[in-house]
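After this come two complexes, each holding subunit A, first together with subunit B and then together with subunit C.
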Partner chain A sequence: MIHLFLKRLGQAAFVCWSVGTLGFALMRLLPGDMAFRIAAGRYGYDQVNLAAAEAVRAELGLDRPAWRLYLEWLFDLLRLDLGDSLVSGLPVLGEILHLLGHTLLLAGAAMLIAILIAVPVGLFAAFRAEGWFDRAALVASAFLRAQPVFVIGLLLLLIFALELRLFPVAGFDGARYLVLPAIALALSMAAVSNRVVRHSAGAVIASAFFAFARVKGLSFAQAFVRHGLRNGALPVLAFLGIQLAGAIEGIVMIESLFSWPGLGHGLAHAVFNRDVPMIQGAAMTLGLIFVGLNLAVDLACHLVDPRGRSDE
Partner chain B sequence: MRPFRHLCLLSLLACLGACGPNQDPEVLTLGGPFEFTSQDPARDGFVYTRLQVAESLLEVDDAGRLLPGLAQGWAVDDDGLTWHLRLREKVRFHDGLPLDADAVVRALEIARRKPGVLRSAPIVEIRAEDRLGVAIRLARPYNPLGALLAHYSTVILSPASYRDGSEVGWMQGTGPYRLEAFDPPHRIRVTRFDGYWGTPARIPQALYLTGHRAESRALQVMAGQTDIVYTLDPASLDLLRRQKDIRVHSDAIPRTIQIKLNAGHPFLAERDARLAMSLALDRQGIASHLVRVPGMEANQLIPPALADWHLDDLPPIRRDPERARRLLADLGWRPGPDGILQRAGQRFRLTLVTYADRPELAVVATAIQAQLREVGVAVAVGIVNSSGIPSAHHDGSLQLALVARNYGNVADPLSLLAADYGDGGNGDWGAMGWRNEELPALLRGLEAERDPARYRADARRIARILAEELPVIPVLFYTQQTAVAARVRDFGFDPYERNYRISRMSFASP
Partner chain C sequence: MKPLLRIENLSVYAGDRPLLENLSLSLCRGERLTILGETGAGKSILIQAIMGLLPPSLRASGSIQIDGRDLATLSRRELECLWGRRLAMLPQEPWHALDPLMRAGRQVAEVYACVLRQDAERAAANARRDLAGVGLEQAGDKLPGQLSGGMAQRLAFCAATAGGAQIVLADEPTKGLDADRRDHIAELLRRKGEEGCVLTISHDLEVARRIGGRVLVMRGGRPLEEGPAEQVLNAPTTDYSCRLIQAAPGHWPRIERRADGEPGPAVLEARGLAKRHGGKRLFQGLDLRVGRGEILGLVGDSGCGKSSLGDILLGLLAPDAGQVARAPGIARHRYLKLYQDPPAAFAADIPLGRLFADLLRLHRLDASRLPPLLERLRLHPTLLERPAHEVSGGELQRLAIARALLLEPVFLFADEPVSRLDPITAREVVQLLTSVATEHRCALLLVSHDPELVERVCKRTLRLG
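== the complex of A and B ==
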């Protein structure tokens, strides 16, 4: 376990350095004057002028050499100081935590809904393998997976926001605003994970140990709960890790579509405003989420599978 | 399977519990494209004056005339060097503190230290004369000061609003609404202030939601999520006009869509080349079919709302591609094999940049591209951040830029025109590489001119020079398109975009 932790910690440090450095370099390679861009973000898109840009340049020291600014950033990073946003002037860490809270809320709600859809659908399809439900689930999964997540979001918008007027179109001002983006994301996630559950459960049902349990006299349900669930859960857990990482890409799109004030949306705006500390902070956080998810999946597999523990 | 059924049932109930009609009977919801990141008047003051949280010393009517605001009256000494303002009695900030001259002096001094319009004024001193009297002493007479005191960056906040000397911690203004919740950059909630000095607001709460994409904002109002949506894109207008429970308001505002150009560029240095480009534009077509507001074609830079600066006798500019071709031919341009004009081995090819903050600009830019192509001018269109335009102005790389210039940012456009055309004829958003000896002197003279007739005459002389010399090509006068839900009564639009006037609005009975 300690080895695992150390490995992931090393990965996290590498992610912080590489993503931050890449962000720093890319922002300086983009055409245009940073001081003007930041001034536009601060004072309004048609209020920016030379005086405002020069004030920004002097305040932020943007005329200093890039290597010096990079070293200062690196030193601050070692002290876990991500600096202040160039646009709002507020500490990046606070802004990231604010955005992260919204992103985690959306991701958590989507994950919960995805599990609530995928597990029962997958299990039922496995129990009635090759039956009409299994085939219908396969067709629905293929259809949903073939759609980009924003298409699913748009369809939900058209039906539930525009036609039925049950949910808001965009923004965030309470639980009602969470429903459509979370379901859009969840449908995309559940489209694949229900098939993973189905195949995993199907493999367990077809296994020799499951047949032996049945021969011993256990009912189907008893045999599945005692011997099937844990065995079937291992590939599902591993897949959930991959899927969560993929969901972060989906979250960026869904946040933009629904104007959800999360990390993806914040990152897009930081890029638009050339807010380098925010870009670095948001990108690093997304990178750390990847590492954290991998660690969480490793831990979950470790807890579920006793073979891994006995190996230590 | 039972636990799964329970979980499914619970989640279904949670969704049903979360859903409901989108309109709140107590809350007016507004949507617009404008983000805010702070409570600093210098940066985001427009949001707080629009939501009527903060107020300025002077106000402006729809014709641009100054009106009393927090100052109930004002007077200027005969030499024009000192302005005396008398504050209203019994005005309280949202934190309960009374408005007095000391609070005004402090707020204006802070505004002077930050980038903003007040910096352009030759202010020597701002001082309190007595409890409700404020004097502003100038280095030279400066007429636009009154308009600057009506600008959002000069709003008066309670001293308790500021932390660290000049940064606003929590805005305590004097308006009919007080700040309730602040979630940058997307959401501001304001609540009616019961201690307001004027007519109290009728709607208890208002919510402003930033919607970045014009299509999303249109969908928000169609879904009933927002009551009023500002700055619609042309493509959404027809759809919204067909909705039974939505009204679309089109209001002319003192903003002009214009082509800023580099008159120092060898292709654009001759006035006839600029005139030819102007004649190649089908303004009527753009107004009718793209922006969908016929009659907004611009024949000059300053819109009719700013009457002192607008030339009523100037004829409309009709599209005349034949004359445009002749003018270009007289300048030595000849069509090449592909129809693009050539002169001395150089093709007439330029880049036109614009920005996405105003949704119609990109569409208009592509129409201009097609229309200039018909007279042999090849134009490549690029979408940049708005800051790319003043930035390219200063590094000299700008060729053409399509911008929507707000001449009503300050009620009197003099300070803005001085910035755009005063410095030898050049400014970040105005002329580039163009010189006119008369214009800077006229602009300087107007700063001290106190006779209204002479002021108007010189203002119109400036307008005529700009219309004849075309350092910037006018395209369309701007129309603000606003979608308003049927339940909103007494909607009104401030052409200077200072105030959403929500305190005057009410909801229709269900």
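== the complex of A and C ==
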């Protein structure tokens, strides 16, 4: 158990270092003068001129060698100081904490909806394997999964926001704003996970221990609740850990599409403005969310499966 | 007395091919019947038919009556109501039949709670009593993976019969168990048969002898000979029954145990091996030298570390202490293992032919060597068109042997290779395995729970525990 925590902690440290370093290197490799782009971000493209760019360069010390800037950043990271935003001048940490709340709300709502869709659909398809419902679920899953998540978002926007005017188009000002982005993200996640649930439940129903439970005299429902759920949950949980990477990617796209004031949206803005500390901070936080969720999945597996527990 | 179970002219067909033909039998209270016969003789099909669990691709005719009611007249729901309450089935593979995540005691207690609707406390108490009755009082909090094969089968016995079923069907319940554990299960079945009736399928003659009652010998899906156990086992009237009884390891010819036989150059040398498992010391300071073409037996109780020792010799498992040296210049893939559980050793859903073709291609082997090998192992080439789960356990083990022999091994660790085969096939397979090993100068480490078998074919025997 402690071993698991230490492993995840090591992963978290590695994520911070690698994501930050990658962001640092990539921003320097992009074409164009960095000081000029940052100045443009601050004052707007109409106002910016060479003098403003030089002022920015001098202020941020961008004329110093890259390795010095990198080492400074690394040292600050060790002190948990993510620096100040190049655009707003505010500490990155504060901005990120503000955005993080919105992202977690969106991600949490999306996951909840995804579970509410994927588990019943997957189970029902497994109980009637190869029936019409199973086939329809397969086709729908393939169709949804084949779309990039922003296409699903756009479709929802067109239908429910622009045509039917049921929900607002973008921004955040109350629960109604949450509905469309959360559903778009949830549909994309549920498209694969309902098939994983279906296969996992199907495998359990076909297993020898399920057959034996029936022969012992248990009804189908009793056997499924007592033996199917736990055994079937394990592969689903394992898959969830993998799917989270895709969910993070989806969050960036959906937040940008719906102008949701979260980390993904903040990250996209920071990229356009060459706001390097902000990019590093936002990407790092998304990476840490991924590690944290994986830890949650590990803990869930540990609770469900008594076999690997070290105390036995 | 009215029979509890009565079968009349039961036939089961796969397409036009009969798997079981014109079987009639009846069992009254207190009666026990053991069906003996070769693998693939339709014995397991019989139990599936009685349980109403025949695969949809099979067609059955004739009638099966339980308590005088014809199964064909029952709805699916009524049939399922008989499970656990009137009919109990002992699984062939107890480990697979137990929920890997549920503790032993609860797997029995849930029958009392769900089927007999007892409250949790009473159900748990009844489960504890049942487990104590089969010597498992310490195992209630263990998971199936922590139980030995014999313990798992006793647990399955408790779970299967807790619902109060009077008609117990057991499909090879002692497969892979060593003699003591086998006799224990047979004794449980004999006792159960005194209060209800027991139908056992086995290819172990000793099981039939211990359960007593009547014995039915089957061949090719047809009943051949039926009578009281003692009579059939001691004075069989048909030629096939004679051969079946002669095939028990106790009747095999002894090989000459020559102490002076010169051992070939070593293919494997182990020094000072030690291994612990689950806080128990399996072996310590074990030295072993295996020469080319040597046939070495390994015996011991289940759970004594026979499989662990073999895995350590193959390098599949690390010893706690000591080292294993393999002969230099010999490819790793010529040190091979024959697994105890053949279904676990083949990919389940891929036609066997493709698995063999992949192997031939991977090692650039001559494909023409396969057909004669299959023929020597009494395997029909059409078996290769099927995936592993559509082939019987006995056939699959012979295929596994063919697969290993293709690679011309210098050392073969055979972990209970014939525990799933009927005596005639087992004898043939062991003899083939040992003769091929000798021909190819391949060393063979033969693990068996049956000391008699090892004694008959191995020149040297190692005993663990």
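The rule we apply is simple: the second predicted complex is superposed on the first by the 309 of 312 C-alpha atoms of A that agree within 3 Å, B and C clash if a C-alpha of one lies under 4 Å from a C-alpha of the other, contacts with A are read in each partner's own complex, and residues count from 1 in each chain.
Quick note on the criterion: a contact is a pair of C-beta atoms (placed from the backbone, for glycine too) under 8 Å apart; a residue touches a chain by one contact, two chains touch by 3 or more.
Bear in mind that the values here come from a model prediction, so they are computed numbers and not experimental data.
Asker: Figure out whether A:Ala136 sits in contact with subunit B (first) or subunit C (second), or with both, or with neither.
Answerer: neither
Asker: Using the superposition on chain A described above, determine whether A:Leu4 touches subunit B (first), subunit C (second), both, or neither.
Answerer: A:Leu4 sits against neither subunit B nor subunit C.
Asker: Considering only the touch criterion stated at the top, classify A:Ala66 as touching first (subunit B), second (subunit C), both, or neither.
Answerer: A:Ala66 sits against neither subunit B nor subunit C.
Asker: Touching A:Gly171 in the superposition: subunit B (first), subunit C (second), both, neither?
Answerer: first
Asker: Looking at subunit A, does subunit C or subunit B touch more of its residues?
Answerer: Partner touching more subunit A residues in the overlay: B.
Asker: Let me test your reading of the model: by the given contact rule, A:Leu155 touches which partner, first (subunit B), second (subunit C), both or neither?
Answerer: neither
Asker: Contact-wise, after the overlay, does A:Gly217 reach subunit B, subunit C, both or neither (first, second, both, neither)?
Answerer: second
Asker: Of the two partner chains, subunit B (first) and subunit C (second), which one does A:Ala208 touch, if any: first, second, both, or neither?
Answerer: Second partner only, subunit C.
Asker: Does the superposition put A:Ala25 against subunit B (first), subunit C (second), both, or neither?
Answerer: So A:Ala25 meets neither subunit B nor subunit C here.
Asker: Looking at subunit A, which of its residues have contacts with both subunit B and subunit C?
Answerer: Dual-contact residues (subunit A): none.
Asker: Quick one: in the complex, what on subunit B touches subunit A?
Answerer: 1, 4, 7-8, 11, 15, 18-22, 34-35, 37-38, 42-43, 46, 115-116, 119, 183-187, 207, 209-212, 216, 219-220, 222-225, 355, 357, 384-388, 390-391, 394-395, 403-406, 409, 419, 427-429
Asker: For a test of understanding, state which residues of subunit A touch subunit C in their complex under the given definition.
Answerer: Residues of subunit A touching subunit C: 207-209, 211-219, 222, 226-227, 230-231, 304-307, 312.
Asker: In the complex of these two chains, what residues of subunit C are touching subunit A?
Answerer: 51, 53, 80, 83-85, 87-89, 91, 93, 96-103, 110-111, 114-115, 143, 145-146, 156, 159-160, 162-163, 165
Asker: Contact residues on subunit A for subunit B in the complex?
Answerer: Those residues of subunit A that touch subunit B are 32-33, 36-37, 39-53, 55, 85, 87-89, 112-113, 116, 119-120, 123, 157, 160-162, 165-173, 175-176, 178-179, 183, 257, 259, 261, 269, 272, 274.
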